[in-house]
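As written, the chains take the letters A, B, C, D and E, and residue 1 is the first residue of each chain.
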Amino acid sequence: MNQLVYLIPLLPLIGFLINGLLRKSLSKSVIAIIGSGVILASFVISLVLFFQVKSSGGQIINYFNLINLDKLVIPFAFQIDQLSSLFLLIITGIGFLIHLYSAAYMHEETNEHYGRYFAYLNLFVFSMLLLVMGANYVIMFFGWEGVGLCSYLLIGFWFKNDNYNYAAKKAFIMNRIGDLGFLLAVFWMIAKIGTVNYTDVFAATSNFSSADITAITILLFIGAMGKSAQIPLYTWLPDAMAGPTPVSALIHAATMVTAGIYMITRSNILYSLSEVTQHLVAIVGLATALFAATIAIKQNDIKKVLAYSTVSQLGYMFLGLGVGAYTGAVFHVMTHAFFKALLFLGAGSVIHAMHHEQDMRKMGGLKKYLPITHITFLVGCIAISGIPPFSGFFSKDEILAAAYAKNPIYWGIGVATAALTAFYMFRLYATTFLGNFRGSHEQAHHLHESPSAMTIPLIVLAALSVVGGFFNVPEVLGGHSSLHQFLSPAITSEVVHEASHSTEYMLMGISVAVAVIAIVIAINKFSKKPELQDAQGFAKVLENKWYVDELYDNIIVKPLNSLGSFFKNIIERRGIDGMVNGVGKLVNYSARQLRLLQSGLVGGYILFMVLAIIVLIYVWINDNHILSFFYKYF
Amino acid sequence: MPERAELGVMNAIIFSALIGVVMMLGGIVIKSNAGIKLLAIILLFILLGSHLAEYYDLFNIHIQTHGMLAKSRFGMFFNTIIISLTLLYVLLSGDEIVKVGTYGAEYFALIFFSLCGATILSSYNNLLMLFLGVEIMTIPLFVLTSSEKKNLKSNEAGLKYFLMGSFSTGILLMGIALYYGGTGLFAIEASKAANEAQQAFRILLPLGLLFIFISLSFKVSAAPFHFWTPDVYDGAPSVFTSFMATIVKTAGFIAFIKLFELRSVDMGYSWKILLPLIIILTLLAGNITAVFQQSVKRMLAYSSIAHAGFMLFALYNPNDFGKQGIMLYTVAYSLATIGTFAVLTKMKDYTYEGYNGLAKTKPVLAATNTIFILSLAGIPLTAGFFAKYYMLASALKESTSNLWLVIVAVLFAAVSVYYYFRVIQAMYFKDGNAETTEIKPFFKTLLIIIAALIIVIGLMPSLLLDLFYA
Amino acid sequence: MAITEIIFWFLSALAVISAIMVVLSKSPVHSVLWLIAVFFAISGHYVLLNAQFIAIVNIIVYAGAIMVLFLFVLMLMNLNKETEPQKNLWMKLTGVVSGGCLLIILISLVRQATEIKGKIAVTKTGDIGLIKVLGKELFSSYVVPFEISSVLFLSAMIGAVVIGKKD
Amino acid sequence: MVPVWLILIPLLTGLVSFGLQNAKAVKAWALFSTIISTTLIIAGIYFLNPSSLQFNATWLKLLGSNFSFKLDGMSKMLCLLTAASFLIIFIAINKNEYKNSKSFYALMLLMQAGFMGVFTATDALLFYFFWELALIPAYFLCSMWGGEKRIQVTFKFFVYTFAGSLIMLCGIIYLYFQTPNQTFSLESFYNLHLSNKQQYILFWLFFIAFAIKMPMFPFHTWQPDTYEQSSTGVTMALSGVMAKMGIFAVIRWVVPIFPEAVNHFSNIVIILSIIGIVYASLIAIRQDDIKRLIAYSSIAHISLMCAAIFSQNNTAMQGVLIQMFNHGIVVIGLWIVADAVEQQVGTRKLSELGGLAQKAPALAIFIVVLAFANVALPLASSFIGEFLMLSGLFQYNIIMAAIAGTTIILSSIYTLNMVQKIFYGNTVTLTEKAVDISGNIKIALTILVIIIIVLGVYPQPMFNLVK
Amino acid sequence: MPIQYYIILALVLFCIGIIGVLIRRNAIIIFMCIELMLNAANLLLVAFSKMHNAAATANNTNVGIEGQLFVFFIMVVAAAEVSIGLAIIVMMFRNVHSIDINFLNRLKN
């Protein structure tokens, strides 16, 4: 089986090449089959691999040396262990479902763009696989940037719309800011220990000073901030909703944005050694979670709500990482992948039905028109709200428990965020599916349930959202923490907090109770009278996302642009080029002056000669003085 | 070949004087311009032949010179060069020479006499011969400069040249007198100065040398004694400017080198100040002023001043590098200058605009002229590069502390590109319809040969320098 | 004061004053005459130095031939009047000052020179200036320059013809 | 003999082209010449006897200068770059019409000969010769074909670089007199023992010449003007190959000869380079002209290479070595695209363009790949180079590396900006009638893209080459 | 006489000649001033000739003779120069009816 590992990323790559190069000549169905088929094949291989890893443990497979210098060797190698095989399953599994969904969702596109879409999607899966399979930070960085590229391409998929293009560019550039941090961390490792292989780095932690570790982990975390949309680099993710909805589901909810979590989990040994970073991660995660949740409350675009929800949930995961609950974070990645993909696809189904209308205020009462979508969407909402026994409950609970153990204040804010999550999700649910339809007649006329290629993934994901939690039922609820056990070889530094069962019951109780209360309030408030007017006062601040975009625009983008203009127009033209041209002008000027000596008058010429003779004689007499003067100063 | 100071006078001097007379008399017999030109060419070949005969020890006239002249390989080689250059010059511009006025044969005779002066300068061993050589070389030039009698510019140039030339002769003579007062000799011998210099405060010899230095600087148009050059070169008929700027000027350098090779010691420290001072002033005056010119001819006059600045570097190290270098420079600079002037004389309009679009109307002229210009600018692959290279190297070889001077010099060389390339720009990149007089195929062939020579020397300067040692 | 000294000072004064008058005379003809006076004074010096040949040649060639040529030309041009436009005062002043500076520097140098202290140019005696001695030397050691100077005359002659002849 | 042939082939074919009359024949002839050159260098690298990679003949015995060439690792790579670049350039501009095309192609080939000479000469005087030989055809090429202000602009370029190289000549002569047996050979220069003071002076004499050629801040102002004004085919050669001459020369002629000075001045040079990176990138962000944008981007990239050289560690140096190749390939690709756009639409102003992706999808795909190669995205060859360079710089100084690292952010801003403004959005009047690129450009770009990606995934052949 | 006297006399004459060249505009007078400079040199040469002759200790009576011979050659050259110079001046006078050196200044800059 190990010989086939390379097939996992290779198949999507082949799919990319076929779809990309032959997109004009292939029919849509062929494109869809190829696009989805390669992912399915990868999924199958991943599944086999998963069980193999489960039974016999992970391993590293070297292919060739990417860089082979005297001191620095960076192999192109894959590391298949518990952590990566789990992610492989998530990526290929959910990836396949979303490909399937896309086949129907994107059917209106022309052949060429349809092919392009699947090519991009395949390329994305390839990059994501590279990211998780790589056995060192450089290969991870390959995937890391690759997914950024695909994200760029897919956000700007409808490239005729300039706003989408701006969103795509913004996503890429903000990611790159984080990437610089990642790169610097890699350089730091190279400078200190000369290797970037996970195994070597983790084995050589003793060679790092604590400052090194803190710096490396913080820099890596900056990378994660960019990719996983944490404060302050989160603003791209809501804008990224410009892409097709399946893309949002796959990239901006289920997989790419969790790369940061994967990376930190992968580096858990380093992170556990730095208290400072851990606190930083926790605080940033928590702040993001809360901050994004507050914004989500007042958004009216169905995808924007989900986007902020994603940001918020990612914050949750970082909280988990920060408090040392690596398994919890990974678990939440998994469950979040299920229900957030579900929610996005559900939203996609709604948007599909509403003819690309995304404003919730123009929806309402869709329950009866879209029964399957409604049910599955409701399941997703419950799951994300953390109501037992849906999957979200278990994963969130694990993080909260760990947070409590670390610091009760973390836990408090976490619960408050959970309440907000439940509130805005059910605000979304209520506004969209309950009440009366508020759209135009034409839209009402066309409302229909989506085709089965779209509903089947919804159903599958809904099922996973329901049962996903049982993969890691904590002992307190009579489970075995099986995920925890499975991952333990890969996550060696996790500290298990042994809290008393009573405390745990209490914590669960509080969080569930808070969520339920929020749900009730939300349904009551919005099922009958949804907010249709523009928000006022503080709500307006929330609706405008705390004006963070404007802030960034004013303190970063505009100054940078004016600095560029200043350089271009003043320094470059007048300063440097002016100086260069000044030399030319000086020559011209002195030419004009010198030529005046050439008066055309013999008397003048001879006068100069006589004067020169006097000077030369003077120089000759005083040669010693002049020479010593020169030796002194030159 | 041993240095045979006492033995012989060179064929070149005798023959150039004789053929001057023959030319003069021939003018009475032959009336057609073509005939005169042909005679001149034949006579030049004879001159070259007789000189080469002596060079290779086949035939020479022995005359006891009593130390007035000294035969040296250096001088002989230089003579070969200038005679060949004159031949080339006459071949190229012979038509133009006879067109200047009604005295075709006389012009040639004067050129030969001037050449005779140049050959004396390459072999003088006595200040009297230096003086006579300088005068024999320049007096015909006064005449040639003012030979376009109806042209006021030519008149003016002639008068200016004459007055200033006589003035510098006065200074030269005063210098020689002082030198004589200091040494009791006119013969130039190596200075015994090593301990002599430390003795009393000596005035006469150094002052005399300084005066001679000034006078020779005037002849080679080194700043600040260069003021006559642009006016005279500009005013004189172009063909004669070409002759003056090349053969005559380089002969001045030979005179310079011969004297100061032996005697610069007597100038003491001041030599280390005076020479760089003059070099920098010359480069400055030549290069900077040339930038502003509108007429190509006048630009070339200034550029010849700039080249004088470079050639002065040879005085730094007149022993080997300087001598080889000045040979190379003579050839490179003269070939290119003769070439550009030959093209210039064919142009109807001497301004830069007059060259606009020459590449389209006369591609061969433009292409060869480009090579000449590149050589003058000292671009590698052309002879001009090695010429400049030798000059710079001779300064650095003398002392590495001259680095600053060399850097200044190359910066001025960069400035020179500014005005040289305007010609190329005009010929190739500007639209226009450059008008020329009729161009004969022979003329074109010669231009191509000269251009080829420049390139060959630019690639393999040793071809030339090996001859020097042969 | 010996008679030689008196003659020396007299001739020197005559030479200098005449030279100054050459420069200062308004009329070119007067300048020529003053210049002839200078030549005579200088010839007097030559005689004093017992260089009779040079003295004679100086008078014959310079004062006799060359200066006559000058006069001839001046008369040809009818320039005996004071027609010469004057340079402006500043130019003149600059000329005089710079020439004066040169003189002062040179003289101060000569006065400092130690090498010529006590050296004398013998007057009245010595036969090297005699025509017999000079002639012998001229046609033995100096025969080459002597011959070569003929080239100079040839070219001067051709030049004069080329320039002077009316087309 | 290989290096000699590498020079002679373009030189002779170039001279022959002056005589050809038919424009098509000239194109074919030039293409033929570069194919031979490319084949020869590839054969030289992989198949021929290593002894054939050297050549020695006496040239100027008196001066101690020899006609000596050697293809070592770096030279091999750069010769390969030169040959391949010209091949690609000739393919890409095959459909362009130049007035007096025989001179154009002839001069291009002569310039190629100059490049080859610079990269292979192991004699300082010879090196200087070829250094100028490369410049003269460039001068004519830029002045004869191109934009309206080309004459003045090219002239500035010429005088600037010529002045620089003359200063270098002073340094060469100086070193020559320091060698014990008065030679110009590289070997003897390497064996010199110069005092610190000498090194400090000579370092600048050489470095300024190379800094102008690269060009490095603040000696760069000739470059955007020249790139903008000259014909794009020439610009490709200038930025693809000629800019590498500066980097190459620093590595070969400065670093080993003046180690003390390099040590002493590395801070200054790196700081200047880093200023150059940020400065040029910021200006690129504000550019409206495609060619100027690429020009400034090129300055930023070259500055990074320069900084990496002076960080004096092996990692960075390896990065520089392969980046020279990679940058050449990428930037030529960008120029081809810029040229294609200009040929199609007739403008280079970003503000006047838009929506070209709808009309020229193939071109759009190529530009996206090239753009991401330009921003050093992994899987593209330039990533490896920049990664190593930054990594090396990091070992020199963390803060400097961090500031230099902003290049990956800034470059993505201006590159994506350019891509977006040209290709995305709705079509405008100018782009309305555009059609997709012709086959020759496709071939050229395909070759480039394949090289970029192959070397991005498996750069080891390059490392082996430059070893 | 002490040689300084002659040197100074010659230098005085020389400088008067220079001053004349500087302050006059008439070409002929300038030319005459130049002749004055030449004569100063002549005088100096003869004086030096006698000085060297006096200083010679040996019986060789011909020491210093070359100085006087040189003067002879200077006169020869001066004569030749005068003929050319006057010819040029006459030619110019024919063309412009003036011998003012500042009259012709087409050639400048």
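The rule we apply is simple: contacts are C-beta pairs under 8 Å (C-beta built on N, C-alpha and C of every residue); 3 or more make two chains touch, one makes a residue touch a chain.
These numbers come from a predicted model, not from an experiment.
Note: the chain lying farthest from chain D is C, by mean C-alpha position.
The highest number of C-beta contact pairs joins the chains C-E. Centroid distances from chain E, each centroid being the mean of CA atoms, peak for A.
Taking each chain's centre as the average of its CA atoms, chain B and chain E sit 26 Å apart. Note on chain placement: the centre of chain B and the centre of chain D lie 43 Å apart, centres being C-alpha means.
Rounded to whole angstrom units, the spacing between the C-alpha centres of chain C and chain E is 6. Here the CA centre of chain A is 77 Å from the CA centre of chain B.
For chain E, the set of residues touching two or more other chains reads 3, 7, 17-18, 21-23, 25, 30-31, 42, 48-49, 51, 55, 63-64, 66, 69, 73, 77, 80-81, 84, 88-89, 91, 101-102, 105-109.
Across the assembly, chain D contributes 159 as residues in contact with two or more other chains. Residues of chain C in contact with two or more other chains: 87, 91, 94-95, 98-99, 102, 106, 109-110, 116, 142, 145, 149, 152, 155-156, 159, 163. The full set of touching chain pairs reads A-B, A-C, A-D, A-E, B-C, B-D, B-E, C-E. By the touch criterion given at the top, residues 18, 21-23, 25, 30, 101-102, 105-109 of chain E touch chain A in their complex. Of all residues in chain D, those touching chain A in their complex are 156, 159-160, 218, 220-222, 279, 282-283, 285-287, 314-315, 318, 355, 357-358, 361, 368, 372, 375, 377-379, 383-384, 387-388, 390-391, 394-395, 398, 401-402, 405-406, 408-409, 412-413, 416-417, 420, 423-426, 457-460, 463. In the complex of the two chains, the chain C residues touching chain E come out as 4-5, 8, 12, 15-16, 19-20, 22-23, 28, 31-32, 35, 38-39, 42, 45-46, 49-51, 53-54, 57-58, 61-62, 65-66, 69-70, 73-74, 76-77, 79, 84-87, 91-92, 94-96, 98-100, 102-103, 106-107, 110-111, 116, 118-123, 126-129, 133-134, 137-138, 142, 145, 149, 152-153, 155-157, 159-160, 163-164. Within the complex formed with chain A, the chain B residues making contact are 159-160, 163-164, 167-168, 171, 206-207, 210, 214, 218, 224-225, 227-228, 230-231, 267-270, 272-274, 277, 284-285, 288-292, 404, 415, 418.
Interface of chain E with chain B (complex): residues 3, 7, 10, 14, 17, 21, 27, 30-31, 34, 37-38, 40-42, 44-45, 48-49, 51-52, 55, 63-64, 66-67, 69-70, 73-74, 77, 80-81, 84-85, 88-89, 91-92, 95-96, 101, 104-109.
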